[in-house]
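Two complexes are shown next, each including chain A; its partner changes from chain B in the first to chain C in the second.
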Partner chain A sequence: MIAATRAEPDGRWVLPKENAGAWVERLLEGAQVIAPVAGPEGEEVYDVVRTPHQVLWDFVNPLDPPKRFVLPQTEPLARIEKTDGRFRVEPIHDEAPRVFLNLRNCDLQGFHFLRRMHAADLPDPSFLRRFDSLTLVSLACTRPCPWGFCICCEGGPFLREGYDLQLTDLGGVFLAEVGSAKGRKALEAGQGLFRPATEAEQVRRLELEQQALRSFGPETCHFGSAMRRISTRRVADELWEAMGPWCLECGGCNLACPTCYCFSVKDRSEEPWRGNAGGEGSAEQVWTRCRIWDSCQYQAFTLEASGHNPREAKRERIKRRFYHKVSAQYYRKDQALGCVGCGRCILVCMGTTDMPSVVAAIRKGRWEGGRL
Partner chain B sequence: MKDLLIPSVATILATRDETPDTRTFALRFRDDEEHRSFSFRPGQFVELSVFGAGEAPFCLASSPTRPEHIEVTVRRCGVVTNALHALGPGDEVGLRGPCGNGFDVEAAQGWDLLFVAGGIGLPPLRGLIWNVLDQRSRFGHITILYGARTPADLVYKDELRVWSAMDGVEVKVTVDRGAPGWEGNVGMVPVLFDQVELRPERTVAYVCGPPVMIKFVVQDLLMRKFAPERVISTLERMMQCGVGKCNHCCVGHRYLCRDGPVFSFAEIREMWE
Partner chain C sequence: MVSERVGTLSESRGGTGARGVCPFCSCGCGLRLLHDGLHTVGSAPVLKHPVSQGRLCARGWASHEPPAWGGRLLAPEIREGGERRRAGWDEALERAARELRALLEVGKAVGVLVSGRCTNEEAYLAAKLARGPLRTGHLDDPLGASYRALLAGLCPEGPPGEGGRALEAVEHSRQILLLEGDLSVTHPRAALAVLRAVRRGARLVTLGLARTPLSQVAAVHLSLDPLRPFALPPDLLGALGGGNGRPPEAPPTVLLAPFTSDPRIVAATVRALAEVLGSSGPDGGTGARFLPLPFRANTRGVLEGGVAPDRLPGGLALDDPQALARLRQVWGMDPWPRPGLDAAALLEQVRGLVVVGEDPPRSLPAPAKAREALKGLESLVVLDAYASATSDAATVVLPVAALQETEGTLTSLEGRIQGFGPAVPPPGRARPGWEVLFRLLELLGAPSGRAALGAVRAEMAEVVPGFRSLVGSSAEGEDMPAVARAGRTPEPDLRRAGAQGGGDAFGSHVLVLAGAFDWDDDLMVDASPTLRRDGASRRKLFPQGSVTMNPADARALGIRSGWSVRLRSRQGEAVVPVSLGTSVEPGVLLVPFAFREALSGVLGGEAAQRVEVERT
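This part shows the complex of A and B:
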């Protein structure tokens, strides 16, 4: 049996479903809670939860990835004030305690990808502060989504580590595995609501994992051979060229992808009177310096002031995206593939230059126009 | 830990017009302590903010051996550069850095040095030139070859004269197109190679300028038997963060803002994406 996991020292616990609401209530006392909820059209979205009954416990993974809660689409970095020709630059920090509830494991791996890259080389304290104030509670996928291929890239459906708390839906109860001190704390917040798991429940958890592994849809992604070719420059230019017309340059794949993080930095002008009402010393002008998501698929991404653009052709930009995600060079640098197998780009891309299609084309050496 | 993307306030002390669209700015951090602790290598760059307009990378054009102020030479060509040109002494900007690897001055000790610059490519080399001139005895013969489109496009005209008057320093200047009153060389930079004595086996060459100029000059130098490891250049890409995070400046998995912008031609040859 593959029972031994890192969660062992803390044992395993179960939360009867009728107690779930009460637990969320307790979590809400100490932190902001983010969870999948029903959006305005009934579709699943990740959002800040106000009341426990909003939390979805059985849901399709939202198309909009949760990354904006660790890397906001427009992130205020500093407030810049101008007064009498002098400037004041005030960094904006966000370290509010947050609990992320029912995160899917692919997205959890995405989070760790983002954390690793922000911690590597020159660490980014502003990202790390926000990230490390988060408690990550994942909900393992007992029924894999039809377009997911996390199984091809260690993205799920169940994880052995990386979560603070991993929940598994056993039917009447959620089994909880503790992965860290933060997870233990979240569990303790539910004191009296959880009880130790029985032997039978632990066995059930393993059965469900095996069952999930068997019930993946047809989507597969053979990264190995694609990586070999991309890393050794053995993908013909004609192949990238053939994909070019299929990419609409919308950047949707980047926005939807849990591991994409390219950004630009811009100053946003604020109305000076807002929060500065009159009085001495009030600023004449205020800006917010923002970090904003960008996309390597946009032509202007590499456009230089001289007018020269090294990735003017779409071919070059598509190639760039897959080099960053699939090459051995980046695998070594990031210690992981740049894909967690969530399948979002399959849903988002109108032109079918999504991860599995492109990886298949590289493997076969032929672009067939993707899926239709 | 200091925030990665937050600039500090610096004051413009003075400006000097170099050409009709290029100006040199002398800057000093507003906080004295911060100014004193700012140390850099020639070839590194700073991210300069004109608050409200944005931020852009500019190479440090002054030498660390002259730490009273920092200089950048900026050509006006867009939002940030235009906004910067509208500022003058006493005005405040933001500075962040130094960024990038810079030139390895130690490794060049004892060698003859050949500087080849085109147009706005002289600023990154100027910091290095003053740096070696300020420690003159550590280096061999120094040759500076500089070309610009027209006489009006030559930057640091006074300094070119100062350098050429120095012992063991040879300076040659050329322009692509002459103009009334111009009595110097006419033609692209490589025409100057035949006017000086090149000693490839004992020389480190530094080449900076527009991509086409770099291409031709480097080809020429290699043909003249310069070792690719000792032909040093700086590469440019669109940059945003300057600290290896935003991905704008990548060539393959190399980040020009972290691994560069200074590379030897032996390294450049191996880069692909």
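This part shows the complex of A and C:
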């Protein structure tokens, strides 16, 4: 289920906060480091860091999802060149070593969901190479974020497995739990900066987890009963119909969702950039085949070449989305709910049909207009 | 042989971004534009943006696509002996200036068209080009007439002040009247404001030619008479007040979107609304506040920058002596004080035209006429980032940066002036639009200042009131004009508008053109692989166009979805397939704006016509 190995009992160390910058410095020597930083509008965003002091260690989970770094919105898959009427196709792979630092655990669960999808059936080398060259260092949430409900879907706030390294902020130090060989390597990069955790520090870590679990606010999402209703076909079509006008088909719920991965593939002409890019060789024409994010909430998403659209009406698209995310059938297939409880759909929804609002409506059998 | 290579995740794939403003509708959503140094590759929502607050509609999420995927203009070109060839910047600019000067010298009319997808700075310089060295009032935005029609019913002297908080006010309104085409499509962020108000318990009344998603959550939907929309439903006030015949208790908020292509009808309808809402209530008025909704990201800013046949920069009147004196002083030349023709009319009259970021056949109600007019011009100077029918017909092509590749400001429907910077450099030899207009002004003899965007803005601050406090937004000022100003509107000429109505028994149905603009017809939407699918599939499904019919009418005629009908009006006839939808009332046939051309013969230039409908 989860690619990394279970944390070893001896794998607990602490990083005094004054050493954190030096550790990032060492990580930067061997890899690109992606971490939460302050964005242009003053809010947190994930970005590639250049210097250690950019890294945020106390932050609200960025709205824009870190999935961009494993599944970019525009992802070059191949370069296509036409010379003398002949085509040459060159795959583009990206396996540069990267450390994802201070990932929240809900997003880490989302990463593993994506990996399972891309490894299943016909494995996707482009995704897998990029993913497998990542080291995932999560920072557990000792305070739940205001809109998260990871507690309802095994998404966090603390994890037992799945991370390469899991950090917990104990105050003056970060406690680090090693979850895999990659995690151990990241830890070793900080040789001399970490020390073994004391018994008291390990107890404190457990206390913080219990405290975090107790401090979840009103934002909850009761998937169990919604799943029973969906899977036993006890959700009337009128319910989806009633939600229709409250969804503005922005697709934000899919695009910001850590587990959504629908895409389309298009060829981008490189003609306009040939001069700027330099070194383009002698090809007459050059294209980049790109995978681009798509949304099942867009009307033309399921449009068939014949003109037939099996999900023409908005109610059908909304139904489909929640069927995939919440039904027992998909739970079995995907080995998880299609939701990690990050709460992003609450924030990005151009309407009011976010996950907790719809799950509540499914349970009650009544749509009351969703969230304010 | 296929080889593999290791790519680099340029920092931009996930992260590094430039501050962007959505280039599509006028709501003014903010976003972060992600790039790989060469292409724009992603759009990210911004939680702390005051308008969008972390949300984007489908267009906003794809706002990085048009510049990277669209057909771009890459190098200046000039037409010689029927053929176009690439040219250097100096040669192309000199050629453009020479062509325009030659027409002026022999007294031939020239004009300037500017799109609402230009920046404020570009719009201002284009207006200066027209009223300065080109000495013409033939200056317009092809979608400007429908926006001015909304304002003409409310505040004839210009658009409302730069309040910047109108959408927030909508969200907290108790009563909302929405005159719309389909707000959820035209202005999604404004639609969210309405949904939030309804969720908070507001009473929503929708008014339009078709049933929309928002009409489904409204307390009451009132259909407009397609032939006489300005003859408002008699129960309007009662509907707003709670259906008990009493007028509304709280001042209603009125959102106004152009719902038909004829600006005269739009203006008359808005004026009728203003009269109804202004002449009732205990103190002689309901205190209604109006929010006009321009279509494009900068339709409002372009008007305020002076792009209108009857206004000066700042939206000031042509006969305002102080404004003229100030312009004379700032420009160092006399501003042309006479009115000109609007976009549709000037295309028929001028011999030379400068078009900035626009493809008139896509935005005007009569595309074929526009295409013909463009082909017949002696000089057509086109500044655009994208290739279009207009750039194809150009005598001089001047490639400019797309909005995502330049620095500038846009003015939202709320009057927020928002700045943004370039995410990536423009491709090929394209230059920022303001710079190209600046050089054209110089070549045509306008006294020039410093060639810097800051200098252009400083000049604008002298003549465009909104630019005096060039900050993100101003919390001061008026969000929405009050209804009290309505009385000053001149009587619109309705001799033609709706003339096919009253007492004329011809026709079993009314054929109506939906709205005054269609995003599916937009050049930037067409340039985006994600956004273009809806329009492309509609065009593929109905290459000859289509009309939407109520299923009850289809049953009465014995036809099914996809079957064709013959429509006959007094102007002409056409055979078109029908698609069925309960969004239209029985007795009405709606023509999607994008299909206006297929039905133009039957409509005969009107927004609505009586027609006979027959099975084929």
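We take it that the second predicted complex is superposed on the first by the 354 of 372 C-alpha atoms of A that agree within 3 Å, B and C clash if a C-alpha of one lies under 4 Å from a C-alpha of the other, contacts with A are read in each partner's own complex, and residues count from 1 in each chain.
Please note the rule applied: a contact is a pair of C-beta atoms (placed from the backbone, for glycine too) under 8 Å apart; a residue touches a chain by one contact, two chains touch by 3 or more.
All values derive from a computational prediction rather than experimental measurement.
*Asks:* On chain A, do chain B and chain C fit together or clash when superposed?
*Replies:* fit
*Asks:* First (chain B), second (chain C), both or neither: which does A:245 touch?
*Replies:* In the superposition, A:245 contacts chain C only.
*Asks:* After superposition on the shared chain, which partner residues are touched by A:289: those of chain B (first), chain C (second), both, or neither?
*Replies:* Touch partner of A:289: chain B, not chain C.
*Asks:* Tell me the contact category for A:319 with respect to chain B and chain C: first, second, both or neither.
*Replies:* first
*Asks:* Tell me which partner A:63 touches in the superposition: chain B (first), chain C (second), both or neither.
*Replies:* Only chain C is touched by A:63; chain B is not.
*Asks:* Identify the partner contact of A:264: answer first if only chain B is touched, second if only chain C is, both if each is, neither if none is.
*Replies:* Both partners.
*Asks:* Between chain B (first) and chain C (second), which does A:91 come into contact with in this model arrangement: first, second, both, or neither?
*Replies:* Once the two structures are laid over each other on A, A:91 reaches both partners.
*Asks:* May I ask you to name which of chain B and chain C touches more residues of chain A?
*Replies:* Counting contacted residues of chain A, the larger count belongs to C.
*Asks:* Given the touch rule stated above, what does A:299 touch, chain B (first), chain C (second), both, or neither?
*Replies:* A:299 sits against chain C, while chain B stays out of touch.
*Asks:* Determine the nearest approach in Å between the Cα atoms of chain B and those of chain C after overlaying the two structures.
*Replies:* Chain B and chain C, overlaid via chain A, are at closest 7 Å apart by C-alpha.
*Asks:* Of the residues on chain A, which ones does chain B touch that chain C also touches?
*Replies:* Chain A residues touching both partners: 88-89, 91, 264, 266, 294, 303.
*Asks:* Could you list, by residue number, the parts of chain C that touch chain A in their complex?
*Replies:* Of all residues in chain C, those touching chain A are 2-9, 11, 13-19, 30, 32, 34, 38-39, 41-49, 54-58, 60-61, 64-65, 68-69, 72, 74, 184, 188-189, 191-192, 195-196, 198-200, 213-214, 216-217, 425, 427-429, 529-530, 533-534, 537, 540-541.
*Asks:* What residues on chain B touch chain A, complex-wise?
*Replies:* Contact set of chain B toward chain A: 1-9, 49, 51-56, 77-78, 81, 90-92, 94, 210-211, 236-238, 240-241, 243-248, 250-253, 258, 272-273.
*Asks:* Flag every residue of chain A that touches chain B in the complex, lowest number first.
*Replies:* For this pair, the touching residues of chain A are 77-78, 80, 82, 85-89, 91, 117-118, 121-126, 233, 261-267, 269, 285, 287, 289, 291, 294, 296, 301-306, 308, 310, 316, 319-320, 323-324, 327, 329-330, 333.
*Asks:* For a test of understanding, state which residues of chain A touch chain C in their complex under the given definition.
*Replies:* Going by the criterion above, the answer is residues 32, 34, 37, 39-43, 45-48, 63-64, 66, 68-69, 72-76, 88-96, 98, 130, 244-246, 248-252, 255-256, 264, 266, 268, 271-273, 275-277, 292-295, 298-300, 303, 307, 347-352, 369-372.
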